[in-house]
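Below you'll find a set of structures to go through.
Across the two complexes that follow, chain A remains constant while its partner is chain B and subsequently chain C.
Our next item is the complex of A and B:
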């Protein structure tokens, strides 16, 4: 269902031909007082203007990076938080616009050899790192892999180009995504957060969300083999799940406080119910919410360069839901369109920078909003104990009772986490005779040079859950390789899982090209961590031991052993006493002289 | 300690000392051998190993040579300007024959004398020689009005064509705008007679003409060299020197490639498109193709909506003129560096920014308020200004059209702005104002750039030599030494190309020399070692050396003392 909504949203946007810029905001209330806000911005450039570097809505800084790094298709993700699939249902965009926690980047780079591809990839990561104020430059060879089957080009590349394209993939699970990444992201938009739906994007609210993804996708769309016929499309999306209660807190008074008693619905049937005690009831009605209150801002009119479809704000609720429109100045013209079969209500914000907002009063709904169920569930965790060995356990569930599931499971592990592939076990529950691992691609790690790349093709029968386990060994790092907060542990990138299209999936071309993805949460791997004053202690201790050993041996070799009464007189203490006595006498002399002088002067 | 300070010894000082039995000779010998072998191991094995493992690698640098380059002792830059002289037949209307070769030779000799007398700038040598190129066949006659594109070899600075015209007319000269060709028209009665030792009026005329063509270049080179420690005397007049300083601070450092970014900024959403392709093709591309002999140029453009100037700048409303005005002080802060995406291009080479700013409708027209000393002769440029070594800004006030807001800027709308940008570009590149021939101005620029690059590369090398001398703890990897060697070899190649009059190759060599010199100077591994202080090393060594050195030294001292006592 959700899938269909996204599909229909996509159909609402005319496929890039007429105007160069489109934007869309989809709002969907989720159970648990959450709200999904899904922003989508698309613009494109023709291959000619791109090659001549005459940029209009395609951001110049970004375009030049792509040209310099010979990157033909790029996907960049910044993510925080976790999508709660059990409460919120299927993921927006089927997970195709998502990345693992932190930063994830994959790109198709045009290169004739692996070395060339690596150097271009290095250029790309370094340049993006500067552009987005992120540590993307830390994506080095140990964090880069070349996935085989997990990712497929989303763009339509000219056929002559395909043999020279190399896919590289890098993850930074430790990266903390924050406002400094949002600012350059918003700057890439033609309306820059000054007008249109992007005016809602505020770092304070965005990074306060329960789950949030910013993504940039650049892909060429070529029809035929003629390269001049291509357009380059850049799509930026921001998806977030906001806690409506939490977002409503005023910025100057952000401490949560309990509601006054009279505003809480209590379960009066409880024996302990009294004036001062209450068992709160789940509200049966849809709570009231206001767009401006949740985002802390109004939509500042429409972005005037938006293409034909200017119904940019869509709300996914039941058709009978009352929606009040707020404009400032009042009574401005705005467009509205209802699509009841998809539970969509779309609005066109007024032009000329008019403030625009939507508010939803509290309302008792007869029908709940249908939520699509996810195609797949995936969990991954570290097992075992101790500082030497451990294990990884991944559980992949197929909730469908009828359709089997074919998936590609990709892990990009850091080199200091060494898996033993011979311990890889797969177990289906309920038990079955089917061998779930169909294909394996494994590229072992090389210490400090590259990480492990494990890609599996799995088959999961209907209603089954697959448990993958394997053992790992934890490496001991060099002293300088530990980060400042070494005892926190090391982040391990999430596993990416791609659901292969089944025979019964009737989807359109674009959705099929995007694919269906899910990512597990990232892991925190504790490594044996030394005491960091150790090297100095070692140096000093070794020196002392060596000196003691040396002193003993040297003295035994060199000294002459005599009887105690034969020891010659030691002149050193006597000489010292004489010296001290002379020194004292000298001082006394000086003092008496000084006293004498003073007496004279007096 | 057992031997030196037993507790009983102090008590027993007064009593008669019981002597130990005399030590056997071989025991003394063994002890001496033991001490000697310990010292031998430490001195011949320990110390060298320690020295080898802890010393910093310093590659051999030709310090003497490097400093000589920096002081200008290795290269005396000279600019021999070869001027090819050609005698051509007169125009069709005159139908005069070309000057006879013998007379031509005589005239050249004569003019050369006059030039040498006039020239007080030793670095410039203007040399006249007979042309070996034949631009015209003898039968063909010359049309003085038309300009022909003549391929001129690299080492010829100017081609002078002597064209006879009708009798009695005073001599005149015309410099072609698009090729380095000077046409000198003379009447045949001015031809110097052979054998006369006096400077003929024609020779004098040509000498003065040539001298005036190269005046500005001489001033520029003199100025460039006077800034250096190479100590060329600066004989320029102060006001000229000031304008030259202004030009050199304004212009970009020479680079083999430049990136030019044209940006359209508007604080509102209109205009959101412009015909930049057409405008570039019409106004900028021809200019860049003629400049391509000195550097490569790459252009790009962008449109940025909702990009206002720095918010702290408040234009004032001028009720008389119904316009908004910016004061001169506002211009320096006009660029909104925080919001305007003006990141430099990723390629190697500086980025030149040209900004076209279309003010919002409620703040339009936006003009720059000029002080009394403004340039009234050029009202077209009053809304633009140049930011030294960065680019140029132009405010474009759109005429309020009846059709409402203008959302698309056509080629014609952009014409005046593009003209301004072209002038600003030439100024930013440091192109001299004269002579009128563009190729000659470019070749002047080539020579000036070559000279300044040679100077800057040699001063970088000199700085590296000084650094090496002053910081003995700095590491010098082999790459630095090889970069220095390459830089010096390219420098001498550049210098010899200069003196041979091959200015383009001199520029190329000087550029490589400069690049290598910079690479050597900014070698990263050199810097790391500087920040490792000696105290840290001491902390490491004291526990080890202190405890081992004390017994070794005391035993050695005692043994030596005993040996000297025994020797007496």
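Our next item is the complex of A and C:
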């Protein structure tokens, strides 16, 4: 018996050594009373165990979809909101774990031909739509492109595999992201939201955030060309920016109401300051906040399968910031580590499902928390007016005063928005003789079959901003092609911008493979929409015209007209007189007959 | 002998019963002011889930997003009552069809299972002739039609034909059809397939009314008929062992509360009104896990099956082990050069700076042609 247990342990060992699980929560207070919460969950499986469907931490439902669709690397994003780079600074993960508003999916599919890749892509999007309760099946040929330069494989694929991999990319800017997408997302995690940092994930808070992204990244990591050495890594992240003030409101009464006067700090120097009027002062101190209050729940202990690094909760604040730890039951052991050079304080939540939370009292800070400045700013908008034509204007800024910026700009436009490539203009400000557009990749749209794919390689000198403009034509759709809420406008997917690594960028291998990305906001394109009650009006009007016009004419054609004095006045007396006349005639006949007879006899 | 008899008895009872329960819950209204229709359908979703039907056997169709709608003051939440006691959206919800996916075509395809090969299982109604189905619909309707998303309609005839096709395809055992819309009773008037019990909220030329509004949500949160259905299901049907019948449920409807005349249709059900009213509420709103036991059951066949299954597993394992080396074998022959099909279906590079060169070529061609013409006319002359 003991031998058997030992044997089974021995069998488990190689598995245990290569499949592990890590999770990490980073909290960073941002200016404007915002809080960035960045969740990261990472686990992996060896290629062999994956092929034999021995899933340990890798989610089975997801793994089987990947196998069925022959997908080797996959990136899926659900995003809502806008990252306010001016206030909040650089994006988490350098924007590499972000997608455009709505849903964005790109994957490397193994296929021998384009047709095979397309059919596998279709299989993949349909299967994912079932798993994530999202309308991913709407990513059809009109929304799929094959980007040339914007995305590069994040994983280390075996070299023999590379020629057979095809990159496909699809976006659904209109897709809403809600609790039904979070439910399957949390179910993919080994601790399923029951323990560890994932127990904080609550749809009510996540979808109240000013900005949030859920992402799933699957990539193989192969060392050498030997496929047996590969591992398949799945990384799930949730990044959100919560408004601390709004998150503290009770869930059943979230309507903002003014504070009582005695709780507001007033500027007494104002001339109108009185009992009932107050100019609220901005607080100079760091406000107090509590993790459990903001998320509405506690961390339920640690996830017991977490790997070596069990310091899972990290706070990015100044080292002197006071942090109170709360556990329930009280006085449980928890780990704590300070990394002052990175402004980090990390905690290890206690085990056995103990409630764990952090609270920060109100405190006057001498130094503000340094925020990394973004590498690039990008804006995009629709110009022009009218139902027929318009234009697109994109502004890309390079805030650095010393380093030029090389970027790839990708647009995937729907077929009903037709750009004129010859009108593409680029303008640098301050003006410069440099031609900013280095390369252009273009694939025109075909009505109802595919969208436009435009990819530009741009060079922006230091301290400059580049304005790209081009004209578009708006298509007129068929009556049945309009969605039920056509008057709202049609969503156009955000442009994705990748910053190419410069020569002076000293970054580690992993960050370099992920890349630096930024996405513009999505656009709402108003298309000429018919008055949808018009067919009904036309039918009603036509029927009326038919009834009145045709009815009248037909009536006139078949009727016999007689003068008014020719018409007998009343029908009943007429019949009566006729009857009387007939009767009289008969009598007269009888009388004449009788007279004749009399004449005969006489 | 006694065991055998018991088995026979069990088999006999099982034969008349269903072995699975499914629910198709459809809201057909888009836009924020139709909040109550989504709340209706989500209330039913919570109820059938509470009574045991798993998410995999519930098809939920929501044409709009109310929980995460920017107009919603309660993010991630849908309420069906102004007291806000119950959050219908909760932490665990699976919506199968949402947004623009909720169309008449998709609904009929779902019922009749005429779907594409890539359709995921969660979006299919995988029922058989032993499945009881609850079909609940709500939205804006009229005489013999129900609007979908304010853009198209399903007629009573379409629905009747879809159910008939389901019956022919052995896709249901018994079906309870509930509908909460204006003139709802006209929607089931055209049904002609057996084993259907139908009920609706209002008679011909009658409106179906909303129950009450929540001032902070800003719109009506539930319809009357659904509200009083839920009232019965929440207060009377406490657990899955409830023995209340559909008759009890139907008798709880009251014109004074609903403000419209609810209708019933029993004539398609075998045994008509008597039998239909005696069906348990749990037969449609709850879940059973009955297993049909074959009476001609013998030891050797079972063992043979097991052996055959073992062989299948072995074969599959072998195949799996065998495919891996073959796959890598094929791949290793490939040279890591550019793929031959690259460029056929992709964007191609456009040389914008070639503009002047192209114009020069054009001008040269034009002048060349002019020169030829001049030369020809000179020779001719």
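Assume the second predicted complex is superposed on the first by the 513 of 602 C-alpha atoms of A that agree within 3 Å, B and C clash if a C-alpha of one lies under 4 Å from a C-alpha of the other, contacts with A are read in each partner's own complex, and residues count from 1 in each chain.
Just so we're on the same page, contacts are C-beta pairs under 8 Å (C-beta built on N, C-alpha and C of every residue); 3 or more make two chains touch, one makes a residue touch a chain.
Everything numeric here is computed off the predicted structure, so don't read it as measured data.
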{"item": "Partner chain in contact with A:114 - chain B first, chain C second, else both or neither", "value": "second"}
{"item": "Touching partner for A:208 - first (chain B), second (chain C), both, neither", "value": "second"}
{"item": "Partner with the higher number of touched chain A residues, chain C or chain B", "value": "C"}
{"item": "Touched partner set for A:52, first chain B, second chain C, both or neither", "value": "both"}
{"item": "Chain B versus chain C as contact partner of A:424, first or second or both or neither", "value": "second"}
{"item": "Which superposed partner A:127 touches (first chain B, second chain C, both, neither)", "value": "both"}
{"item": "Overlap of chain C and chain B interfaces on chain A (superposed complexes)", "value": "52, 123, 127, 131"}
{"item": "Chain A residues within the chain C interface of the complex", "value": "48, 51-52, 80, 113-114, 122-123, 126-127, 129-131, 133-135, 137-138, 145-146, 148, 158-164, 174-180, 183-184, 202-208, 227, 251-252, 254-255, 421, 424, 435, 437, 439-443, 453-455, 483-485, 532"}
{"item": "Chain C residues touching chain A - in the complex, by the definition given at the top", "value": "30-31, 63, 65, 67-68, 73-77, 84, 87, 89-96, 98-101, 116, 118-123, 149-151, 216, 320-321, 324, 328, 331-332, 334-339, 341, 344-353"}
{"item": "Parts of chain B lying in touch with chain A, wherever the complex brings them together", "value": "2-6, 8-10, 12-13, 17-20, 23, 27, 31, 34-35, 38, 261, 269-270, 272-273, 276-277, 298-307, 339, 341, 343, 345-347, 540, 543-544, 546-548, 551-552, 555"}
{"item": "Complex interface listing, chain A residues touching chain B", "value": "49, 52-57, 59-61, 64-65, 68, 123, 127, 131, 187, 190-192, 194-195, 303-305, 539-540, 543-544, 546-548, 550-551, 554-555, 557-560, 562-570, 572-574"}
